[in-house]
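We call the chains A, B, C and D, going by the order they appear; numbering starts again at 1 in every chain.
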């Protein structure tokens, strides 16, 4: 029924047709509501803190968005974040070189992504299952690697500043995030590989026939996704100042939720980084708001859950409205 | 138009509007028991809309439907099924992973003490039905193992399974080979004798002439004409359909035979192909003919690198293709227009422009960056050249009609500078107007020196476009004809593997 | 049951259509491996334990498989377990009647199933999202209601303890009896009733099913309700095994079950798979957990090994399909 | 196709064999003289990957080796259903005494019944379960209380006698709630006006604690005491405090448990991490074995056998622990000297 209303083509409908606008509206409303409840919300410190904290999720979200666009998914990033953190810290302790530590962390990410990609493309294992398995494997491996949290023996300032430092008034993680975000925004919308991601997710065989190396592209995306997760892991370990084997629990679900909230479809072929950015910010703002409003923290998961359903519902409404325009 | 007294199904002043279009505008149609009634019209004429209304998929805005003279409401598929109306849709409606028997009785399983399915009865009944329509498969075969034509027969068996009074067939022959078509026609005639009314929706006028008793023409959602077939001719039907008379002859401007461009040497695959060898010269159109399951599509996919090759080689201008790499094939100037438009061709949620430029992204980009302006201008050229009907380049391709979608696919390959193009059933399921245009294009390309392989199951098309005809049967080449030496009978003999023709014999 | 179909071919051949045979081999290999490596594994007592332990995931697996057959997915079953055990235990503690408690639990389960079904079939929200949202919402609700304090069961009903922990002839755990009954009943339904076959049809191709007059929405809806109700059964057994309604109950249960049934050859894209396959899938993961425990293998290794075995088994299945 | 399956299965077999062999390698136990000590004791932990339980295990192992007891250890890994299963498995393996660390206390009620039915002596570690015979555990409330007192004295001496507390709780687990309550009560004995500004759910994880405290500190950063219901919680909150650029000179941090080496490092750094409400996991493991021997011999045992807790400070921590590289060792003499409650202040 709603479809027939919304297909009448009023201004409102036209807006409904753009998912991002709704999301931005939601974000604004929530922020407004919170700031009515408490004045601290709009303090620069809180804004920066929200940005710094969401930067990890957003960086991972960039990769996850691209992966979902190709029609795949990765549930192993949470465990990967922990593993990367532990390895990075450990290597820096041993070598006293931030560079080598970061290199090891990113390397680990790349390898994990490669394995995920190969399992998907060569073994043909559905990526949902394949990466659930990888989630277990990594979580097990990190404890096999180090049972205890790895303490910071090196006390290197550069390492500490990766997660906690500022450039001017901007937290460094935010700067890293913004740079990556802009670069991949351009790649996704303006370049050949970007276009090919959408084509692959939209219709794999058609992409193949158009001369796209679908498997390689997917493997590459898995690698990219894991490397992004690794970057988040490195930021996290710097912020925690110790490599925690138990870190990143539920990280993957949070990121995926935000990406989907941002209008990326699980079916592949559709999705925007703008949506991802807004989607993840919404989730983060809800969590932040509930705490600074001193509400019961358990509301965090409840409200997030409801918001996601709502957003997807609106997104469907939009899709149905569109599809009704198909003629015979 | 006065409804016939003995009409089983009588549609009166039916209208249906979608946002932006009036799909049906007060159309009438009456179908008698025991007649085959052709419904023709170009894509977008409203045929499918009417079918969907009768099938209960859509609900009419205005008008009445009379069944055996009494008005009925069809608001759900089951309503129409209860009445005894059965639609055999163009995209077949069978569940691949279920057996023939299950598919036939899906709507109403035979039950033991009306609780659990009585499999014995189910499979026996199915066997009978298969016998009546002369389909030689066991009822326990899984459907995905059947050929398209066999699946179609299963659909008809399903229609018979619950004594349908009216059977609507939507382009039933679009996927069939000539002798399968004959078989289908015989079955349809049997149905006729049982007094079943058949609404036969098609593009192919020769079928109307051969099979049908009456014919109704739609155009732009309006009823144009409805008469006895005996009182009409293809020409006026065409005129009725397109509103103008069009050139149905196959244009032939290309002449010159260049050097060998495509050279296939004893190509074999695990599943189908056996030692297939042939050559195509620049500016030459080679038509490959074969019945369903002869291995045409397999050949195309193997040549293009989609399917694994067991032995043999494909080379373009003397350079051999690496196997199983579609990206290399395209780079070497080989293009493949798949027979499965939606499934393998288009990226539906992408725009017209994006679909056209998909294989040629390198050509319109520098340092990996897509030049937006060039993308629009280049694809606009093709949209104009092929007169693709679309509101804008940004329109998602899923909203285009079949003919226009096919043109988009063709444009995709023509934007890329190709040496060879493989066209698999290039005119399947598209209307007369578009068909003629595509034939014109094929000729045009040939005259530009492109080497063209056309795989088709339509005899007129085959004879019309090809300079050189290759007939396949069961994965082997069983016949080779020059345009001059080609004769329908010989081709069919070769196609059913009865007799082999080589140049030597001519 | 369906002897009429058994004519001609041997029963065994009928039972294991080619699709399950590969799995069965995997199962046997693993089973034999543990039997030879651990002297505790192949003992009557341990085998009976395994039966009891796989019963819970298996009962839910039946429901989840039906949802998957119909082309949807439900990952809210873990949170559901925690949620429905609240009415169960509170009512039992209040009234001292297990029956009433169970009724309460099933009512709650049914409501959840109905909501899932409604969101998916009426509001057309992707079922993964819907049930992900439900997964969050229910868990959060449990935390809020219980204030994260588990409710111990003290109705003094031995019956309640027994259904989860008792054994028939000191061998056959009651949960496993329940499990076998449910399994056989639904195997029969899915194979030999119009309902069952139509569920497959809906999952195989919703458009087709709709075109031939099957009420796709109703089929999917019912699948969700069945899934929630069976999850409730496993929740009751779990509550009995835990002796309480617990806010932590069932965490990660959904993934365990999804992994198991996919391992069992049930397709995530719908219309393909069998309950027998799902059964074997659950069994495989069950004996892996038990067997590794018997060998004192540390959690870290258990995680790694389970992960690898999941990948390998699914890979085998996929590659096998491709070769057909 | 058949070939394919077999090949893959071969891989699977080899892998499983190799890993399991490797895994089982470390688990060799020497047979003990079956006298008045049980031959085999089984323990189902709830979260063995956690440092705390690694150290409990260390204590158990040391004591078991002294007495020549074979120790069977399984890990429920925070899955209650799994815990019940593993309890059954160990009983099936025929252990003489069973030790359970409940994933969640009410969740183990059925195990108690089972053990009774099987007639196997059962020891509950950490948190009380309905119907149990005996429990070996610290007093969470009192432990927090001691931490509170010590913190209070530090505040009185160095931070001007006013205490505004940010507590990182884990409301999921009752023991953690008790610790925080105990801490506040203890603190108030020294600083009556002490108020709790934030009480957050850090899920006992450092990254979660970091995130929630970052948010809380923007709401109200005017605090001078951080209490964590475990070390990770405290350290996570401390990181948030640092990152917020607040003055560490005006802060004191008290962690709980002494689960791993983290708190020792924090104290050695000389930062605001001054107090540790230590629970000596090694001692817990040690006493569990002692108790299982008592139960095995049918001696009468207290319903709650309390293991020592003590407020460690930067001055005295090295009387109880010493650290070489990543390995910490416990000083049994001093630990055993610590006075023990025979009743907890609160359950």
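Here is the rule we go by: a residue touches a chain if its C-beta (ideal position, glycine included) is under 8 Å from a C-beta of that chain, and two chains touch if they have at least 3 such contacts.
Treat the numbers as computed from the prediction; the structure is a model and nothing was measured.
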Chain pair that, of all pairs, has the most C-beta pairs in contact: C-D
Farthest chain (mean CA position) relative to chain A: B
Approximate Å spacing (C-alpha centroids) for the pair chain A, chain D: 33
Chain A and chain B, separation of their C-alpha mean positions in angstrom: 43
Interchain centroid distance [CA atoms averaged], chain B/chain D, Å: 70
Of all residues in chain A, the ones touching two or more other chains: 143, 298
Multi-chain contact sites of chain C, meaning residues that touch two or more partners: 143, 148, 299-302, 304, 308, 315, 319
For chain D, residues that touch 2 or more chains besides their own: 49
In contact (per the touch rule at the top): chain pairs: A-B, A-C, A-D, B-C, C-D
Chain C residues within the chain D interface of the complex: 22, 25-26, 29-30, 33, 37, 40, 43, 45-46, 49, 52-53, 56, 143, 147-154, 161, 164-165, 238, 240-244, 246-253, 289-290, 292-302, 304-305, 308-309, 312-313, 315-316, 319-320, 323-324
Parts of chain C lying in touch with chain A, wherever the complex brings them together: 119, 123-126, 128-130, 132-137, 139-141, 143-144, 148, 255, 258-259, 262-263, 268, 299-304, 306-308, 310-311, 314-315, 318-319, 322
Interface residues, chain C side, partner chain B - complex: 2, 4-5, 188, 192-194, 197-198, 200-201, 204-205, 207-215, 271-272
Touching residues (chain side chain B, partner chain C) in the complex: 55-57, 76-78, 80-81, 87, 89, 93-98, 102, 106-109, 111, 115-120, 158
Residue numbers on chain A that touch chain B, as the complex places them: 7-9, 190-193, 195-196, 198-199, 202-203, 205-213, 269-270, 324-328
